[in-house]
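The letters A, B, C and D name the chains in turn, as written, and every chain counts its residues from 1.
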């Protein structure tokens, strides 16, 4: 008999409170943004959106505060379902329905694995409560624990969009309305991270080190793949989606290191790593939410532009959005003194101290992770120079971009509410890092040690001050001492006729060096066709270049086509002939009788 | 449509009666009631009676508007409509009677009667496809039933030979079932399972099911997959209980698992490549039967209760789906899913209920099937059948993919032709709401009495 | 107080270093060439000129020279704070932070390059980000090595790390074989292409920052060479010597190597990265 | 002795069903089989001197020997299609299959059911063989009537089996079964007419529009 009754419905510990606050930080501004975004929509749509949004956010809150496996699972599913509804919200596009289906099916596949893991835990715990599970987990046989880890990891990774389970993410995020994608990408995928922390660090503790290693490796791959894909994408929101994959990778570097070190009994180091991971988690929530909101306001104010090839020069019609996007971009490409910098910097410090405190192979592992982090940072910076530059700077590449208007007030308010913390969490790191550290220590348990992050208390703030001061000094010098005289003139055009938007550097061109260098992974290919009005005269020349989505092409599509082919074969078994059907009955009968008599 | 309204009142009365009866029964502590040899009622029969009553009421409610539209669109003459209601009543009557009957021969005849009656409802439209479906239905099911008869005879043989009870009355046979000859009982049970299983839509004897479901009038399709399959399952359970003492429940559990996995596999693959909406739903019925069977197969680990819960949940959910599909089919005049898209725009209420019904059907919270599905899976893990559980998860995922892919396109896609906004008749809406109450309600909380009933059924089936 | 002195000193001497490198090259090439104070003159000239600004630029274009400059100075500050005792996690934190701060400058430089809307600017920014993103890992790891190795000052790993950092410096200060300051040939220029639209004081500011960045990197590199006492006047002399040595090396490389194609640069830098990895292994083993 | 002969004839008539190529022949064979079934029940009832069994065999006579064949013949007359039964498997092979099925039912009786060797069990073998052959008819005959007759043959066989191994079901059950068979035949008649009207043939192997 199954024991569904739980003594522990809810759970409030620093971790859950941390995640609750993350949810609040992102979803409230998104809601405010949405009120502006939906201006002029029908009342019915507004109603449905707000209802679904509410369900979505509250289900996330419940997942985080759930005190037993059952309610965790239920609200997890609810979260998926409501987010699916929000993805297919504008079902007039064929695309969003398809994206929604991909998303839901992938999630369900992940959830199936998760279910298996949870039910195995239940079998051993005899109850769904976390407490009972925590007790039982210590006594479980090793291979069962490993099975639970692998299954649940697949489940969480699918939700978090870890490579190679990220396939749904670049479909679902761009298709959902921006205020939704900001919550999905800012918070929902973090809920999976919550699951990992809760299970691997808290419930199943002590986790063997190799779990951490697995997480780290997946993190590394997500970092690189996410960054590279983000560089290639042309759709603004797709860039953001892929960069979510990348940032999830960075977060996993922290979490994985935490699991790794707690497995090797280095409590202090684990705490540092977890702290860095959590810090980057909240940072990513902030700036990714902000960026999605900005892209949303671009999308709405330009009348549905998402392709960067058609944007450009938007900084003039919509300066405020541009400013906020710039802040977000600086944050995400880890530029001091904004928040992204702090968390990546802390992660580097973690790897450094890990290097000094451990020996042999681990050293190499740490160095590798550090270098991957560095490379990712560089790529991310390139990606967001591209994103901001091509979207907001230079000359508009299309009519829509010319006729863009500035976002309305509540949209601005929503963006501002996310932009301000991006700065605060950077400059105010001295106040925030210790809080994170306490949280991570309380998660890990064990003895309390003062954190050994160097100069986190002062440095970011100092940098901010010095930058500001120097900037001011320079400004004053330029303005009043040197008294610069400026003549406005055309851009230098090598003496040819005047340049226009068609001679600008395009996003695709910007990404070309990377496309060539990472060709082994992106497998770029080009389609070119001559449009000729006679045999002799080519009137136009069409040229496209694409990159291959490796995981989609070589992993998912074969599986799907295999299953489909099998199903089609099965279909032949039912050709509509009644004689055959009757024969099936007889055969079943004979086989069963034979089986029962013989065995 | 005065007949329709009368029907509604009749079945409302039936439903009320069944509810009252259930309450009385529960108050009596689920003690079996036996009346002058012909009627025997225990918790199992009460449970199935209730299920049947609910779906029949919903179907009668839905039929009112459905038939009116049919008549208005001159697909059906008034005389034919009257004929429909007569057949409908006959069909429901036979199904409602079955849980009461004590005599196995009578049960057998009642089941055969359901086939013969519903065959007319399947072939109601007198077009080639529907008649073909009806013919297949009638022949295949009769074959199955005939095997079931053979099974009954074997049971009778062993009870008369080994237990010296020359009676086909279930209660008497049960009392003597301890002395049955295991060898014979094994064979007999196989015959019963294959025989009634044909009617209950176990793969690989399910072939009549998609044809009949897709061709029948939509209210009838709802009844077929909502109740008819379950009723034959009920009969099977009766025989399993007879077999318990001689061969033990483990044997039947094995058979259940075999058929369950077969059904899951078949449905899982067929759901992916369907083009016809009602066939799709029919296959999902096969899948759900598979789930139920898995639940019963995992009986010793508390799966039976889950399976029975699934029986009820699936009955209401699938009825809802078939009814909304019926509206769609009526409006678009086709079953082909590529031809009917954007239902939510042409018929918002129907579209919405179909969409929600879809997620109820694939077992998402907060709908009721989620609970029973989860329960079944948990009991699979509880029993330590990891391999089977993994297989179940995979096959469920396949079915999930198929259903979501197809139905989301149907509901949300762009209307192919410029489809005008249809008017949706009131009775259908009421039917949806009525069923929706159960779907959502049981998703949130299972009433204590209902749970007790199910648990007592479980005890009964396990012979404790 | 001392810190400000240091900063001022380095800032002032930065152009001199560039001038010396140029002079050195000319000597090797047996040319006369301009005097070593030429950079100062250039800066003077630039600061006294008026600006011509493209008509379709935004505030980013105007702001970025200031940001670039201030980021350069802040980075310099961080370096100088880190320098006293670099063999620990603390100074690692500072050095990494310095890299991030320089990144800030680069970010705005690249944006400003795009801003004018000329195809050169875009090309320049694209290539700059491209090169820098591959330079970063190598640089980080060599810093890593510098900071992990204890007071024992393992020679071997230091040497390797220094080599890696040297290569990175060639890339970061846009010198041959990665880039070429002296040409404005469309196909080859990387760094200059970004600055194409700048003129007058803004350009001067950026140039100055360029010198300072170069100084920063040289200072870092100098720590690998005979890492002994770095305090007092002797320390300053030693420092000067080291810088001289580096200048010599850079000049020699510049005159003796041909510029690479853009996509060879990746190989170049990944080679640097590899060396740095080896260095870190060696540092792990403590040799 | 007598019973042996009756059973033998019963089996032979069953094999006749297998080789029948025309619908009328099939119906005749079925009637013949029913006749032997009637004789068997008659013998039994004489043996047991029970009024119930007399009533039963009277019913057999009325229903299976007289009414049902008449109905079937009427159907064949009404639907004036060609007489051919449409064999998916030709008679010779069908006979072989029938033999195999008979052997299978022998195995079934003694291995699966584990009956003791006796005249009754032989009769059971015969009935099982007849049942499986009826089944085989349903699988291998194209025309709708072939399937109907096959089902009726199975019904006969099962009736025989019941009366062999259990010495007859309870009287009431028997009545009910007869009633059911009657209803079945009537309804099937209706459907055969419908099929014939819509498809202008009763060839079920051509009814394959509903697939997959």
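Everything below uses one rule, namely that contacts are C-beta pairs under 8 Å (C-beta built on N, C-alpha and C of every residue); 3 or more make two chains touch, one makes a residue touch a chain.
Predicted, not measured: the structure shown is a model, and the values here were computed from it.
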Treat chain A as missing and name each group of chains that still hangs together through touching.
B, D | C
Contact-pair count is greater, between B-D and A-D, for B-D
Approximate Å spacing (C-alpha centroids) for the pair chain A, chain D
69
Inter-centroid spacing, chain D versus chain B (mean Cα positions, whole Å):
32
Whole-angstrom distance, CA centroid of chain C to CA centroid of chain D, is 100
If you average the CA atoms of chain A and of chain B, how many Å lie between those two points?
43
Multi-partner residues in chain D (2 or more other chains touched) are 112, 135, 138, 147, 204, 207, 209-210, 212
Send over the residues of chain A in touch with two or more other chains.
571, 574, 576, 578, 582, 593, 596
So, with touch as defined above, which chain pairs make the list?
A-B, A-C, A-D, B-D
In the complex, chain A residues that touch chain D
571, 574-579, 582-583, 586, 590, 593, 596-597
Footprint of chain C on chain A - complex, ascending:
312-313, 315-316, 322, 326, 330, 333-336, 341, 344-345, 348-349, 352-353, 355-356, 359-360, 363-364, 367-368, 370-372, 374-375, 377-379, 381-382, 385-386, 388-390, 392-395, 452-456, 459, 463, 466-467, 469-471, 473-475, 478, 482, 484-493, 499, 501, 503-506, 509-514, 516-517
Give the list of chain A residues in touch with chain B in this complex.
1-2, 4, 73-75, 77-78, 80-81, 88, 91-92, 94, 97, 100-101, 104-105, 108-109, 112-113, 115-116, 119-120, 122-123, 563-564, 566-568, 570-571, 574, 576, 578, 581-582, 584-585, 588-589, 592-593, 596
Could you pull out which chain D residues touch chain B in their complex?
112-114, 131, 135, 138, 144, 147, 151, 154-155, 158, 161-162, 165-167, 169-170, 172-173, 176-177, 179-180, 183-184, 187-188, 191, 194-195, 198-199, 204, 207, 209-210, 212
Chain D to chain A touching residues, read off their complex:
88, 104, 108, 111-112, 132, 135, 138-140, 147, 204-205, 207-212
